[in-house]
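In the two assemblies presented below, chain A is common to both, partnered first by chain B and then by chain C.
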Partner chain A sequence: MAKRQSGVAGIWSDDEKILEAAAKMRDAGYKKFDAITPFPVHGMEEAVGIKRSGIPYVTFVAGVTGCCLGLYMQYWMSAVSWPINVGGKPMFSIPAFIPVTFEITILFAALFSVGAMFFLNGLPKVDPPIIDPDLTSHKFALWVPDDEVGYSVEKVEAFLKELGAEEVKRMAEY
Partner chain B sequence: MGHSVTVDKVEPKKFELPSNGKVILFAMMGVGLATLLAGFAIDQKRVWHAYLTNYFFFSSLAVGGLFFTAIQHATNAGWSVNIRRVSESMTAFLPVVFIGGLVLLASGSQLYMWLDHDVVANDAILKGKSAYLNLGFWAVRMVLFVGLWLFFAKKIVGHSLAQDQDGDEKWTHKMVPLSIAFLLVFALSYSLFSVDLLMSLDAHWFSTIFGVYCFAGLFQSTLAFMILMTLYCRGKGWVTGLMTTEHTHDLAKFLKGFTVFWAYIAFSQFMLIWYANLPEETIFYLHRSHGGWMEVSMALLVFKFVVPFVALMPRWAKRTPKHLIMVCLLILVMQFVDLYWLVYPNYSHEHATFPLMGVGIFIGFLGLFLFTVTGFLAKHNLVPVRDPRIHESLSHHVTY
Partner chain C sequence: MMDRNPLILGDKTYKDITDDICEPLETVPGKQWMMMFFSAKSLLLFYLASVATILFTGMGLMGTNHPVAWGTDIVTFVFWIGIGHAGTLISAVLYLFRQKWRTSVARSAEAMTVFAVMTAGIFPLIHTGRPWLDFWLLPYPNQRGPLWVNFRSPLLWDVFAVSTYATVSIVFWYVGLVPDFATVRDRAKNKIRKKVYGILSLGWRGSTRNWSHYEMVYLLLAGLATPLVLSVHTIVSFDFAVASLPGWHTTIFPPYFVAGAIFSGFGMVVTLLTLVRIGFPKFKDYITIDHMEVMNKIIMCTGLLVGYAYCSELFIAWYSGVKYEQYAFINRALGPYWWSYWIMFSCNVFIPQIFWFRAARRSIPIMFVISIFVNIGMWFERFVITVTSLHRDFLPSNWGMYDWSIYDAAILFGSFGMFLTLFLLYLRAFPAISIAEVKPVLYVGKKKGGH
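So, the complex of A and B:
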């Protein structure tokens, strides 16, 4: 479970403006801040400076592993542990094993992707205090946690106001 | 979302062939025609097989362009507006598909054993199929199918071009039911088209998934050609800010998806026949696993699926023009090999022969295809400039 942190949130009611503010914040050297929006805002990843996630690599490795394990499992079951002659075909008949191999590849890739997503996002994060209930409908926030580079409450508050935040909130924990 | 775009700024530059472009295209057509004529003098049976391979390759591209256009309208897609002219341009080849189809009707029993009366009279299976497989009904189907494609192309592409002139929203609404109707017609007509032209080469054999198999090749090669054309226009600087890396990226994702789809369908066809092991079905794969054909079959697996699949996997691969060009060319070549693999074992399953005439005629067909496609692009705007959804396409952005 992700650790609770204190921090400062700036709130906007326009997605265009928060996009600009986020880009300025990134350019000012902020690294760990995040944007909280009720819907995906295009271009936000670049504006906040979020790097590409590592999930694709997890998916790939898990998929290859699943593929090998799936094929090996069927080889062991049908040709080693309990050989059964099916229609006079060889015990280890690859075409017959492809569908199961495919499914196990997908199963591994999917489960590990979701697992990696949870891990990288710091989920599950149960019941965090609410910054503003409107963040799930029509408002947008930039959240600066206390481990931000060169963090001080006053400095961040002043900067958020300078960026045009309509409201700035201190949070003891989020 | 997020970016506002003023739509009246959309001004693509004109499509222009390089100064010697037309000469080269005519020279290519000349090579094709010469091969065709020389072929008739040397070996009629062989030249008809070469003609069929290429005819099917390019008619699939032409109707594939219309198919891509139709799914965009049927799904109200906004991202693809700026590249839609590229898929529309491919339908400019449809009139040639019509004429080429009529030419194919003259092949007689050189290609199709069910057109030979003596063979049919002594063959219980062919006699049983003769209600469907006969020259008259085949001619009707050919004219009907290609005629329907031409009709829908005229309507759907015509509406899009009309919108370029008046900017009226009504065209967008009109294209939706037309496209849905076309998709239904396409599913049936293209399946039967491939059954008539390719599956009936060995009229004793049948596979219920055959139409889907051909469709998978159609869409894979259509997307590969569209990417190449898009990259060409981008490289020339005609569509800066209109067709972007984002559009190419999504087309490449599409291409990767349908590369997997092709493998999925090809394997589905193979596995069921292999498992059931019925002689009347396995003959198809038997012919394609001896005398050099096994190597061609394996080449299909490796170069039409494995290599493009891996080569299109990373994000950078789908955003790097040079890399994409290589992959798309490989896929188009493999689509030709796929059709060669479907057609030529009926010419000789003893040993795989290099389709020299096939390549000659391919050059001719390619010249004719590019001539019609570039002619279309040069005549009209490279981008549907007054489409009401163009702002979506202009700000299209692939999230990572």
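So, the complex of A and C:
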């Protein structure tokens, strides 16, 4: 849950132009800036310089955990806690336990992946300030927070204008 | 390379897309929607009354009795679960195959999945006869031993499969909706509206770091939902296939059920989307005739798969040399329930063959009628499997007929009231086309390169 910061935002209305601008910003040495877009713009992750998301590791670990727990639950309930002979089948009848094990694997993997996404994205956010309401519809922004390397409001403003931002906004908190 | 048709018609900008898709949420419903909603809602009330009557009086009101102990409840459960499968197929499997056309129809198809699974889930709960004890289906620590559920039973596998499927479908659907809720929130002029959609959007912002995790989770959920959807109908088919009854005890059931589920689900998607296109004329630019045609091709293809399964069953019954199995199939086609078998065969195998003609695939009235036939046919498929196998098994002294009652009809038709009410409300409360997913495919098939 990132704390709120002050900073400067530049707004574009063309996704291709902001993509170029973001790449230039990255090449100019900016590290902490981010792009706010209404939809995932193809190539923006490279342009902003973000590494591949680590969520697949969470999915894998959660899936393996779900698989083991699911199988262990069935083993414990059917063969340890109260073993009941059903049709002469073994108490620990692995083939019959596969469907439930599989379902619990999927359930764990799915829920923990989504949970990890919410956690990493700091969701839910309560009443976050917004730069411009059109940023979830048809406008695009580059956002430079105040902890950016060598940050100064004037410098960033000038740079955003140079990159072709149609509008530059100072935000007290975002 | 062949030119492809644009996925989105008209000369749209990103803003037009937002405006068009948000319009049904921000305007007062028209007469058509009101009329449909009131009919659906009346049917829902009728359904609730019928279910309440059955619960208060007892299961004796319905036709299930010896030897047909599985009736409307199980048939209709399998029917609705099957409907749901097309939604997951469109949203997950086609996503993995990078089928860009899915973006326009995925949201509504997923909504259909969620509502169909909700509608389906009620039937086995009624079927237990004492629904107030349905929590016994879950393995929870109790004071009777603790006595655990039987994990060797396909019926218990079904509990886990369907509840996992419902959970993952709802989560998948909701994750897809989050950025669109943010769009609706930021457009809202009214305070309450802003608050409600603000809560639903969880404060989504759309920074690239957010999108990066988001897209990864979407891909992972698609990858998880794909084996899940196949497993669900496989496990539903185990309810039958693991039993030793002639007509049920066959290894073809899992793939046969999955193909049938996709077939019936696409039938329902076409039924609903033709109505959505009529109700919201602006959506015709997003859900184009090309989209409908692709789905009709899938209906024809899965219809042929289902037809292959029917024929294969007949062949294997003969080839097995087991006289009970042979009799089960002769009885299906020529016995007292011959009409249900031939309704199934004609609706599922013969009628969709019209889609070999391009003009039929692209005609809204024709596809609407055929999609209704597909739905009827697929309900009868489950009726044929369940009832004809049960009513004449091994010993003629154990034979009987299914005593279909007016209450069976009431809950079957009433369940459509529940499904349609939910779907109609969804059309007015949620963006019915994925705004954030449609925008990146705006330029597909158009001059400006595209992504």
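Here, the second predicted complex is superposed on the first by the 172 of 174 C-alpha atoms of A that agree within 3 Å, B and C clash if a C-alpha of one lies under 4 Å from a C-alpha of the other, contacts with A are read in each partner's own complex, and residues count from 1 in each chain.
Convention: a residue touches a chain if its C-beta (ideal position, glycine included) is under 8 Å from a C-beta of that chain, and two chains touch if they have at least 3 such contacts.
The shown structure was predicted, so the numbers you read here are calculated from the model rather than taken from an experiment.
A.B. asks: Do chain B and chain C fit side by side on chain A in the superposed arrangement, or is it a clash?
C.D. replies: Aligned on chain A, chain C clashes with chain B.
A.B. asks: Quick one: classify A:L19 as touching chain B (first), chain C (second), both or neither.
C.D. replies: After superposing on A, A:L19 lies in contact with chain B but is clear of chain C.
A.B. asks: A:E45 in the overlay: touching chain B, chain C, both, or neither? Say first, second, both or neither.
C.D. replies: both
A.B. asks: Where does A:I94 make contact in the superposed view: on chain B (first), on chain C (second), on both, or on neither?
C.D. replies: neither
A.B. asks: Is chain A touched at more residues by chain B or by chain C?
C.D. replies: C
A.B. asks: Check whether A:A28 is in contact with chain B, with chain C, with both or with neither, and answer first, second, both or neither.
C.D. replies: In the superposed model, A:A28 contacts neither chain B nor chain C.
A.B. asks: Tell me the contact category for A:A158 with respect to chain B and chain C: first, second, both or neither.
C.D. replies: In the superposition, A:A158 touches no partner, neither chain B nor chain C.
A.B. asks: Looking at the overlay, does A:V80 come into contact with chain B only (first), chain C only (second), both, or neither?
C.D. replies: neither
A.B. asks: Of the partners chain B and chain C, which touch A:V61 in the superposed model: first, second, both, neither?
C.D. replies: Once the two structures are laid over each other on A, A:V61 reaches no partner at all.
A.B. asks: Where on chain A do chain B and chain C both make contact?
C.D. replies: 40-42, 44-45, 52-53, 56, 87, 96, 99
A.B. asks: What residues of chain A sit close enough to touch chain C in their complex?
C.D. replies: 34-42, 44-45, 48, 50, 52-53, 55-56, 59, 73-74, 77-78, 81-82, 84, 86-87, 89, 93, 96-97, 99-100, 102-104, 106-107, 109-111, 113-114, 116-118, 120-121, 123-128, 130, 133-138, 143
A.B. asks: Which residues of chain C touch chain A in their complex?
C.D. replies: 13-15, 18, 139, 145-152, 154, 156-157, 160-161, 164, 167-168, 171-172, 175, 178-179, 182-183, 185-187, 198-199, 202-217, 220-221, 224-225, 227-228, 231, 235, 238, 435-437, 439-440, 451
A.B. asks: Quick check on the complex: what are the chain B residues that touch chain A?
C.D. replies: Per the stated touch rule, the residues are 1-4, 267, 270-271, 274-275, 277, 313, 315, 395, 397, 399-400.
A.B. asks: Which of the residues in chain A come into contact with chain B in the complex?
C.D. replies: These residues of chain A touch chain B: 15-16, 19, 40-45, 52-53, 56, 60, 87, 95-96, 98-99.
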